[in-house]
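Dropping a structure here in C-alpha cells format, bear with me for questions.
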Amino acid sequence: MKIGILTGGGDCPGLNAVIRGVVKTACKKYNWDCLGIESGFEGLILEGHTRELNPYRIRGILPIGGTILWSSNKGDPFNYPQEENGKVVKKDLSGRAMEKFKDLGLNALIVVGGDGTMTIANKFYKMGMPVIGVPKTIDNDLMSTDLTFGFSTAVETATYALDKLHTTAASHKRVIVVELMGRYVGWIALHSGISGGADCILIPEILFDIDKVCEHIKGRVKQGSSFSIVVVSEGAKPLGGSVTALGLDKSSGVERLGGIGEKVAKWIEGKVDVDVRTTVLGHIQRGGGPNSFDRILSTRFGYEAVELIKEGRFGRMVCLKGQDIESVTLDDAIAKQKAIDPDGSIVKTAEAIGICMGR
Amino acid sequence: MKIGILTGGGDCPGLNAVIRGVVKTACKKYNWDCLGIESGFEGLILEGHTRELNPYRIRGILPIGGTILWSSNKGDPFNYPQEENGKVVKKDLSGRAMEKFKDLGLNALIVVGGDGTMTIANKFYKMGMPVIGVPKTIDNDLMSTDLTFGFSTAVETATYALDKLHTTAASHKRVIVVELMGRYVGWIALHSGISGGADCILIPEILFDIDKVCEHIKGRVKQGSSFSIVVVSEGAKPLGGSVTALGLDKSSGVERLGGIGEKVAKWIEGKVDVDVRTTVLGHIQRGGGPNSFDRILSTRFGYEAVELIKEGRFGRMVCLKGQDIESVTLDDAIAKQKAIDPDGSIVKTAEAIGICMGR
Amino acid sequence: MKIGILTGGGDCPGLNAVIRGVVKTACKKYNWDCLGIESGFEGLILEGHTRELNPYRIRGILPIGGTILWSSNKGDPFNYPQEENGKVVKKDLSGRAMEKFKDLGLNALIVVGGDGTMTIANKFYKMGMPVIGVPKTIDNDLMSTDLTFGFSTAVETATYALDKLHTTAASHKRVIVVELMGRYVGWIALHSGISGGADCILIPEILFDIDKVCEHIKGRVKQGSSFSIVVVSEGAKPLGGSVTALGLDKSSGVERLGGIGEKVAKWIEGKVDVDVRTTVLGHIQRGGGPNSFDRILSTRFGYEAVELIKEGRFGRMVCLKGQDIESVTLDDAIAKQKAIDPDGSIVKTAEAIGICMGR
Amino acid sequence: MKIGILTGGGDCPGLNAVIRGVVKTACKKYNWDCLGIESGFEGLILEGHTRELNPYRIRGILPIGGTILWSSNKGDPFNYPQEENGKVVKKDLSGRAMEKFKDLGLNALIVVGGDGTMTIANKFYKMGMPVIGVPKTIDNDLMSTDLTFGFSTAVETATYALDKLHTTAASHKRVIVVELMGRYVGWIALHSGISGGADCILIPEILFDIDKVCEHIKGRVKQGSSFSIVVVSEGAKPLGGSVTALGLDKSSGVERLGGIGEKVAKWIEGKVDVDVRTTVLGHIQRGGGPNSFDRILSTRFGYEAVELIKEGRFGRMVCLKGQDIESVTLDDAIAKQKAIDPDGSIVKTAEAIGICMGR
C-alpha cells in the first residue's frame, strides 16, 4: 500500500503537522509507504517533484510553519498555464496527472487545501482517483467544518499585534486602523477584534457605515478614551452611500481586497480631530508555526485521513464537528462558503460589550 | 437592577475577561450596576470585601491573567473555618451570606468557578439566591461544557515548555519527564503531549505499565532517537503490579497528586541506560494572560451570563456546545466529572502516531 | 524634596519601567514625592496635566508597553502651536513652563525622550531648570549611549515577524520585502535582519544598488533557495543612478520614509522572475511590553536618574557604557546621531555569512 | 583548508547560531571545508562521530534551540571513562584525540563551550592543536566576556515564568518561591528577578538571612500587597546561623544545587502566616531557540572565530567587550569565574527599588 500527499493553495500554520500525522499513522500503524508530492498538484504534472516520506524525514516539523512539500497557487492541472508559440495558454493536463498518479504506484492521495484545491481534488475523484481531502485555510470560510487549522494561529498572531498596537495607540491618543486578512469573510477580524479588545470591527458580512464608526470614536473621546483600535477585514465594504465617498470601485470584489484599511483611516482622519495610523498586518498572519490548538487539530485530521483510506471511503473530506473528527463528501465540502451570521451570537456579544460593528 | 460577580477556586487565565464581559454587557447594554465580590464567597461573609465595577474600572484587564477580584480556596460559607476558644472549627455561615446578598441590594449573582464553587452556588440557589454559574478550570474536567476557558492557555503554556525541553533533551540524548497539572483527569497532559510532540503520555484514565514506557524509550534509542519526552499527568497512576515497585501509597488519591513525575523518572533511570531529568511545570500553567481562544470564550461566557439574568433563568451555568454558548442547570453541571475516554478518538490518534500511552 | 517626570516623543517599550524605577527609588530609598507630568512637555503648559505618583500607583506597569503618562509629539514649549485669530501660530511658551515648574514645587525634572525631547530639556536646563535626561528611542540612534531601551524589544518584534514570514516565503518560493522602522539609521533593520535570517538588508548608511539585490536573489534561486527575505529600513536610499528608475524624489529625506519597501518590491518583480510580497511592519515595532533586557535597562536608567538628582548633577543624561550606567552632559548627548559604520564589524559579519547589503 | 567545530557541556540557546555563523563564514567568505564533530570532545575519540557541514546542511537552524552536533558532559579525553575488567576507570585518551584530529585533515578546531570545555581546549592547544574557543553558558559566569550567548534567552524564559506566576500569586495572595538556574553565581536570578518584578532575590554572592526575607514579606502584607515572588538562585546559601536551621549540608557545594527553593519555601511558611508554593523552573531555562540578542551575539562569535583562524591567532577565545567582539587567550579565559559584585550597581538598583536581597 502506498499513499501520496500534497499541499495546495496559500500556506497556513499546521500543514506540516498534517503531513506528520499522515506519515506517522500510515507508517507506524499500517506500515504503508508514503510519497510527498511537491508544490501542490503541479507535482503531478512536472517531473521529479516527488519525495519519499517516512517518520525519519518528518522529524521536528510539528512546530514548524509552512509546508515542507511547498505549495503553489498556479497548479490547477485542469487549467494549467503552458507556453505555446511564445504565448501562455491554459491547457487541461488532468490526464497527464491521472497517468502520473498510476505510474507512481499510488493507492490513494491525500489533498490538503482550501476550497480551490478541494474543487480540483473532487474533479480528480470523479475521474476515478481515490482522493481524501483535508481542509486548510486561515480564513475559516469552509461551511462543512466547524474550524479549519491555521485559523486559531492566525487569530493569535493578529491578537498579538493588536495587543502591541494598543499600548502605542493609548500612549499617543491615536486611532490605529488595522487591516487583517480573511478574504470574503470576516472570521479573523471578528475573532481577533474581540480577543484584541478592538473598539470597531468591520467585516464583509456587515456593510459598514463610516459615520457610525466616526461617531463611535468621538463617543470614546468624550468618555475619556482618546484612542481607538479599528479592525478592518480586507474584504470589508462600505454601505452603498459611502462607496463613492471612499473612492472604491463598485464593480469588482477581488481587487478591493487590500487597501480598505488605508481608506478607512483617511475617512476617519477627515471626520474626527484625531491622529490616525494604519497597519496592514499582511503575510505574518499565515506564517509561523501552529499554536497548540492547530497542532492537535492538524494531527487529528492527518490521522483521520489515513483512517478513511483504510476504510476505502474516498471522495470525502475530514472535518471537525464539535470536539469530534468526522467527514463529508467533497461535493458537500465545496458547496457553500461559511460567512459570519450578522445576527449570530458572536456579533451580538461584540455589540453588547460596546464594539461598533459599523452599523 | 444591580448584579454581583465573584470568582472562586484556583485561578485561571480568562477570569478577568469574564468579569469584563459581564460588566461591559451589564453596563453598556442594560445600564445595570455591577458589584465585585472579593475573594470568592468569602466576600459574602467578611466585611468590606466588595467593590463597585464599571467599564472604567475594568479597563485593560482583558489580556491580564488571574482575577482582579481575587480568589480563595477556603471560602465555603457552608463550612467556614472560624476560631473558637483557640481552636478552628467549621461553621455554616450560609445564612449570613444570604443576608449580606440582600443587604447589598443585589438582584443576581454571577459565580465563576470550578466544580467546588458550582456546588456551593447551587446550594445558595436552592436557598433562593438568583445565581448564574460560569465554568472555570484549567483542568477541563466539567462534563456539561465542551471546554472551559483557561484550558487552552494552560495547554499552550505546557506546549511552550515541551518545545523548549525538546531541544535540550535532543542535544544531550536525555529522557525528560515532565509532570503537568490536571488533577484527576489527563486533559492538559494529553493535549499538551500531542501538541508538544511527546513520546509517552501518562494520564489518570489509563493505569500505566512502567515496563511499556521503558520498552518504548528503548525502542526509540534503537531507531536512532536517543532522547524522549515523557509527559506525566499529576494524577497518573501505575498499574496494580507497579504500585509497590514505585513506592506509592495505594490508599489515597489526593496525596498522590504531585510527585509522580519524579517517581517515573527514577523508575526509567533504573531500567534504561539513559540520563533522565524531571521538570514539574507547576503553577506557571495557571498563570499569565489568556490566549485568544480563552479571551473569546470568556467574553462570550460573560455576555451569556448576563443574558440569562435578563431572561430570569437562574440556577443555570453557561456552557460551550460546539461553537455555540448554551446553558445547563447547576444540578446537571456538577453531576459528573469529564474524563478522557481511553478508547476515544484523541487517544487513538496519539497511539496511531506512535505515542506510548503506557499500555 | 519633590521631583517630576515626563515622557516625550514617540512611545517605546520600557517607558513605564523607567517611571517605575524612578518612583520606587525616589519614594523607597529617599522618601521623596513624585509628580507625573502628562503628555510630555505639554503637561507643563496646560492646566491639570499632572498626577501624583507613588509605589501604589505604579503597580503592575513593569511589563506594560507605552507610557502611563502619555506622550506627545507636538509639545515643544519653545515652539508651541496656538490658535490666534483663527490661525495656528507657533509661540514660545517656555516662560510659562518655567513658572509652572516652580508653582508645582518641583526640585528636579526627569525627562525621558529621544533627541528632540533632549534638545528641549537642554534649553530648559540652560534657563535654570534642574533637569536630568533619560534616553529613549527604538531607533538606537543616540551617540552617547551604547544602547537605548526599547531597541532590543523592537528588534525582537521584528525578528518574530521575520521568522513568520520565512515559513510562508519558503512554502511559496516567494520574495518577501519587509519594511522596518529606524528613521535615518538602520539599526533595527541590521539587527533584526541578522537575527531573522534575512538574505538582503538595506540600510540608510549604505546606498543600495538594486541590481546587486536582484543578482543576489537570482543567485539564491540557482543554488536551490527559491525564496528570499529582503529587509528594508524605512530610511534606505538607492544609489544615485537608481533614484530616477525607482521614481523617488531626490530632494528630501523625510518624505521618503515609508514606502521604500513597496518600491523595492516592484523593482525586484520587474527584474527577477519571482513572486514578490511586501509587508510594512509599522507601529507594532514600538508597541507592546518591554523584553527582559529593556526592563532591566529601563529600571537601571530610572535608578541612576534619581541618583544624579541626589548628587545634584543636573543637565546630564544617563547612558549605558558597556555593562555600566554612566552619564553625559545634555550638550554632548544631542551633539551627534549614531549611524551604523558601513565598514564596522556587524556589517562585515552580515556580509561574511552571505547577506547582501546592497553593494 | 578544513576546519572542525564541536559543542561541549550543557546545551544553551544559540549553539546552532554559532555553528551557522562559522559554516557560512568559512564556506562563503573563504571557501573552506567544515567538519562537525559530534557529542563534544567524544567525537574526537569515538569512531564515526563526524559530519560534513556546508551552508545547505545548516539551513534553518538559526532559530532552533540546542545543538545539531549534540553535546556531552562526559567527554573529557584527558579523563575518559572506559570499561576495563568490568569496572569503569578513567583514562587519558588525549593522544588518540590528537591523532584523530590529524587523520581528519583538520587545520583548526573551533570549540564552543563553558569553562570546563575551555579548560580541555586549552590543554589541547598546549599540545599543539590549533584551537579557537567560543564561550557558551546560560550562567554568564565567564570573567573574560561581558556576556555569553544563551544568558539573555534564559533570562527571558525565566521572566516569562515570573510574569505568569505573578498573576496567580496575586489572585491567591500567595508567596511563590521560584528556584532558577545559575550554578555558583546568581546572574540569571538577579536579572530575571529585576525584569520579572520579584520581591526578594537570593543569590550565591550574598549569604541570605531568612529572617530578613520573612520580614520583607510581612512588610508587604502590611502595605496591602498580600503576595510575594521570591526568586532563589539554585546556588544560594543561607547565612551561617541559618544553615542548621534549614537542614542543609555544610560540607559540599555541588550537592546543594537544586532543592534550596523548597527549603526556603518551608522556612517562610513556618514563619509567616501565608500560603507558599514552589516552582523549580529547571531545564526549560536552557531549552528553546535563542532570542534575537543571542542570535546576533552567536553569529558574531562564529564569524570572529573564523577570522581568528584566518589570522592564525590560535589558543584564543572570542569575547564581547561593550559592543565589540574581541578575543582573549584561553589561559586568561579560564582563570576566574565572574560573580556578581554584592555592592555593584545592579544590586544597588535592586535594593533601591525595594527588592530584598536577603541582607
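Residue numbering begins at 1 within each chain, and the chains themselves are lettered A, B, C and D in the order written.
The rule is short, and it goes like this: a contact is a pair of C-beta atoms (placed from the backbone, for glycine too) under 8 Å apart; a residue touches a chain by one contact, two chains touch by 3 or more.
As the structure is a prediction and not an experimental result, all values here were calculated from the model.
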Steps needed, at minimum, to go from subunit B to subunit C via contacts: 2
Longest centre-to-centre distance from subunit A, chain (CA-based): D
Distance from the mean Cα position of subunit C to that of subunit A, given in whole angstrom: 34
Inter-chain centre distance, subunit A versus subunit D - centres from mean C-alpha coordinates, in Å: 42
Subunit A-subunit B separation of Cα centroids, rounded to whole Å: 31
Multi-partner residues of subunit D (at least 2 other chains): 163
Which chain pairs touch, all of them: A-B, A-C, B-D, C-D
Footprint of subunit B on subunit A - complex, ascending: 20-21, 24-25, 28-29, 55-56, 62-63, 146-147, 152, 155-156, 158-159, 163, 191-192, 194-197, 224, 291-293, 295-296, 299-300, 303-304, 306, 321-325, 345-346, 348-349, 352-354
Residue numbers on subunit A that touch subunit C, as the complex places them: 7, 10-11, 13, 15, 64-67, 70-73, 157, 161, 163-173, 176, 277-280, 282-284, 286-289
